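Quick one: structure below, then a few questions.
A, B, C and D label the chains in the order they appear, each numbered from 1.
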Amino acid sequence: MIQYQEILNDIYNEIQPFINEGKVANYIPALAKVDPDQFAMSLTLFDGRSFHVGCSDNKFSIQSISKVFTFTRALDIYSTELYNKVGKEPSGDPFNSLIQLEHEYGIPRNPFINAGAIVVTDALLTKYKNIDNTFDNILGFIRDISDDQTIDFDKEVWFSEYKHGFRNAALANLMKSFNNIDNNVDDVLKTYFKHCSITMSTKELSRATLFLANHGVDPINQKQYITPQQAKRINAVMLTCGHYDASGEFAFHVGLPGKSGVGGGIIAVVPKVMSLAVFSPRLNSWGNSLVGTKALELFTTKSGFSIF
Amino acid sequence: MIQYQEILNDIYNEIQPFINEGKVANYIPALAKVDPDQFAMSLTLFDGRSFHVGCSDNKFSIQSISKVFTFTRALDIYSTELYNKVGKEPSGDPFNSLIQLEHEYGIPRNPFINAGAIVVTDALLTKYKNIDNTFDNILGFIRDISDDQTIDFDKEVWFSEYKHGFRNAALANLMKSFNNIDNNVDDVLKTYFKHCSITMSTKELSRATLFLANHGVDPINQKQYITPQQAKRINAVMLTCGHYDASGEFAFHVGLPGKSGVGGGIIAVVPKVMSLAVFSPRLNSWGNSLVGTKALELFTTKSGFSIF
Amino acid sequence: MIQYQEILNDIYNEIQPFINEGKVANYIPALAKVDPDQFAMSLTLFDGRSFHVGCSDNKFSIQSISKVFTFTRALDIYSTELYNKVGKEPSGDPFNSLIQLEHEYGIPRNPFINAGAIVVTDALLTKYKNIDNTFDNILGFIRDISDDQTIDFDKEVWFSEYKHGFRNAALANLMKSFNNIDNNVDDVLKTYFKHCSITMSTKELSRATLFLANHGVDPINQKQYITPQQAKRINAVMLTCGHYDASGEFAFHVGLPGKSGVGGGIIAVVPKVMSLAVFSPRLNSWGNSLVGTKALELFTTKSGFSIF
Amino acid sequence: MIQYQEILNDIYNEIQPFINEGKVANYIPALAKVDPDQFAMSLTLFDGRSFHVGCSDNKFSIQSISKVFTFTRALDIYSTELYNKVGKEPSGDPFNSLIQLEHEYGIPRNPFINAGAIVVTDALLTKYKNIDNTFDNILGFIRDISDDQTIDFDKEVWFSEYKHGFRNAALANLMKSFNNIDNNVDDVLKTYFKHCSITMSTKELSRATLFLANHGVDPINQKQYITPQQAKRINAVMLTCGHYDASGEFAFHVGLPGKSGVGGGIIAVVPKVMSLAVFSPRLNSWGNSLVGTKALELFTTKSGFSIF
């Protein structure tokens, strides 16, 4: 039997020399002021047991991790029709993303680049009519899968992101000009930045991700959130597109489907076994948590759970 | 115990309704004249047993599958220095590939897009001095890992590809203008097209791929071809970049590291368990074997060997 | 002595067979409803005489012709410092314009593509603080050079352009993300669309353009609006960039510095001699007035005033 | 009566302070070894008189100026059908040129960017069958319009350009992959580089360009080389596309149709009046002769011959 707590404790010790490496995201002041040297890691098993190390109750901005949850909601609502609006293949670098949108008539390549996540948010806004309803649905879903009704968002981060989000506004307006955004651009962006500013702990995130490790069904309370095919699709997209320009790097080092956020969090899935979340705010050069990536790599090495 | 022969036989029956779907690659006459309705599938286990169905002794043009073998050779020779010349991240579509080269100073994104494979061939040419020596080394390596010294190439396909390879010549010259090709462009292209024109059967290909399933060591004869880290890297690149614009699609449907060729072949790896090869010349809209992809999907479904 | 009225009358007759060719701009309803078969042509000499044919008192939406006037104002205010924000070289096609902005850090290639004109409007907004003041200054300037204080804008066109201007919003936000827009994006766009919706007749436009034919000095009332160097620059930019993807075509056929608008108007300058304006709402495939271009070509042929 | 010799002498004196500014093209050794501080200027009038200053008998590599002569030949042979293969509108920067080719199916934007000139050479090669015949025709034409049968090319420059021309080879191969090159790519490139390596003096170049100032007819010997429409077209393309990324700058400063070469030469045309040639090897940041551009600007200022 695997000694998970021991593994987490070992990881905690082994990442210490790196805890000061990398740089906290500073494109908005609200993110820059986070304590940079935090570290937390959590895992949740199908039988409900969970293991934690570090500041696993500290909340942080989930940022792009929210894209996994909005993609999940949109797949549940629209099924494969969603792919008329957004692809499911890896994209090139951020430079290419605008060119690609221009060349491919406003259809982003996958739901985990910003353009794709904005389209997904637009699809949810169409279903739930207005910003508040839509955000309530997204937040409600995240509370459900986390089994925690207290989860909320950070108003200051939301406002700050919205105020500085010119590149995302460019993407949204470009897609709108290709008729691939159905709602008011400003409403879409407000909703998008709002779900990016949701704050969670690794404890909550690893719990929330569990259904993706189990074919769409929460193994603890048996709630089915999506079909097995949809869960497989989300995992496949996480594996090939979950870490921007370091998706191949992450597949190599960690070998698990995962999704990182610029707030320093990463979620990962060991299919049929468990879900994980790590947090450490300093980022590597690709914009993913430096210590978080290392911690996950150590985990797959120690546990043998890599897909390779 | 899994009944592999039974699984293969079932797959053989289940793909029959699709055997006439898709279109054979016809950009060169030499490829277009292949019998379109062939199907073969082979798998090789660590204990040396292998299972086959269909025309598993028929030779076909391995085309881009050769990129896996040249990447393996180059990694062995240059180790991580190779990454100064070629990246290891997914790229966007073929349209972007030229733009990406232009924007990123002639460094292709990964060794499985054409530009990347050309750079890898250039690196081998630097090591082995001339076309003949270099090709002999590549072919010799493929014969070794296949445990079959009769494997050879198809002169007509070689010549035909070389004669029509203007887009590849554009890529190679562009990279040369950025000093990312060290040898004579024409020599590089001739060598590149030559290894693309190697012909193999699924029986040979599944045998040849086995070392990638076992951390770089052939489990049958214990020869070590590359380090475990390198084998893991190759598998990671196959998983994220192995099927051009359908890499995400393949990850979803098949859920295994793999690489396809426009000749209708696909290799795949079940890490720590086995290697597989399929062949069927008709291609789907992304340029991958239509029935071959289906057969691998059926295999992971029936055997439970998907990474998800 | 040249018989200008006779030339205009001849042109009027000769363009009749083409008056039904081409298509009125219909990307917004407010422009689409214009009477499509109108034609007017006006020219103004340095001695104050002017000649007209057709509906030369009919007002129409000047659209991109306003870019000449805002560029003039910005040059007067910022002189060559303006070129830190916008270039003065021809650009490629609209597809390239977004890629070019991305590649060149948000600096548009010239003030007559939309991105460039938006930057110019932003510069004026910086000087005049708010939308109303800025627009009043632009409108006041146009009234001055036209010697007509009744000129105004079309609220419906303004509102309609603003409501559908997603592509321009994409450009503005992208430039803002590169810090090349100093004011609120929405304010800039509102001001931009407002000056595009100014309505003028060919009589007014040819009068307004006269200072550009005379080194920046109105030859009738001797008011100096800009320096001779600045007037020369504006003419050079009109010559090389005045007609989007048909700038070379216009230089060939007409051989005069000019600027067209999607509302069907074109202004042109015979340096040291006169200014001209034509109007006909149906556009050729490049988005320039079809009959207007023909009329100017006939004019330079008949008068011998081409630069070639 | 204008005192041309006096004007040239004045220009000679006024450019002296700048004679050491700028940098000689050094991408190939054969060009780099030119004496950098040379200056020459020549003009030829319709009555056959010509005026010169500086080393106007010194031969230099005409480089891209040859594009004007090959375009002339191709227009004469193919008339407007040529435009199926090459456009006549300004392009963006060199970065965009490859992207533009990719996006516009291998059709370059104009005959004065490298891709366009390569297509023009290909068209001539189709007509004249092989490299020698084609080059002989081009050289023969240049000898005819120069009225000088001794003009020749520089073998060392030719060979050196050909050996280092990887970017041009990339462009040619890309266009070939779009079926916009009809002949063998290597033959096209060899011919292209050969006509770029023709050497002429300003005396010869100004004589050679005279027919373009006079509607296609040499005013001295009355030979008609092209139609008036074709001459007008060539002048229009020179005006809008003659100086790469400084075409607008040249139009502003000089105000004449012209074409520069990286060897330090520039030709220019005063329509209906004269033709000019200047030479000075040091280039400005856009790759055009620094002192040559200044000299032409001084000329139009002093003579009043600017189009503005």
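Just so it is clear, a residue touches a chain if its C-beta (ideal position, glycine included) is under 8 Å from a C-beta of that chain, and two chains touch if they have at least 3 such contacts.
None of the values given here were measured: they were computed from a predicted structure.
At the far end from subunit D, in terms of centres built from Cα atoms, lies A.
Of all residue numbers used where subunit A meets subunit C, over half belong to both copies. The two sides are thus made of the same residues. Chain centres here are Cα means. That of subunit A falls 56 Å from that of subunit D. Subunit D has its Cα centroid 48 Å from the Cα centroid of subunit B. Multi-chain contact residues of subunit C (touching two or more other chains): 95, 99, 103.
Chains touching one another form the pairs A-B, A-C, B-D, C-D. Those residues of subunit A lying in contact with subunit B across their complex are 88-93, 95-96, 99-100, 103-104, 109-110, 231-233, 235-237, 239-241, 245-249, 251-252, 255, 257, 271, 306-308.
Partner subunit B is touched in their complex by these residues of subunit D: 95, 98-99, 102-103, 166-167, 169-171, 173-174, 176-177, 185.
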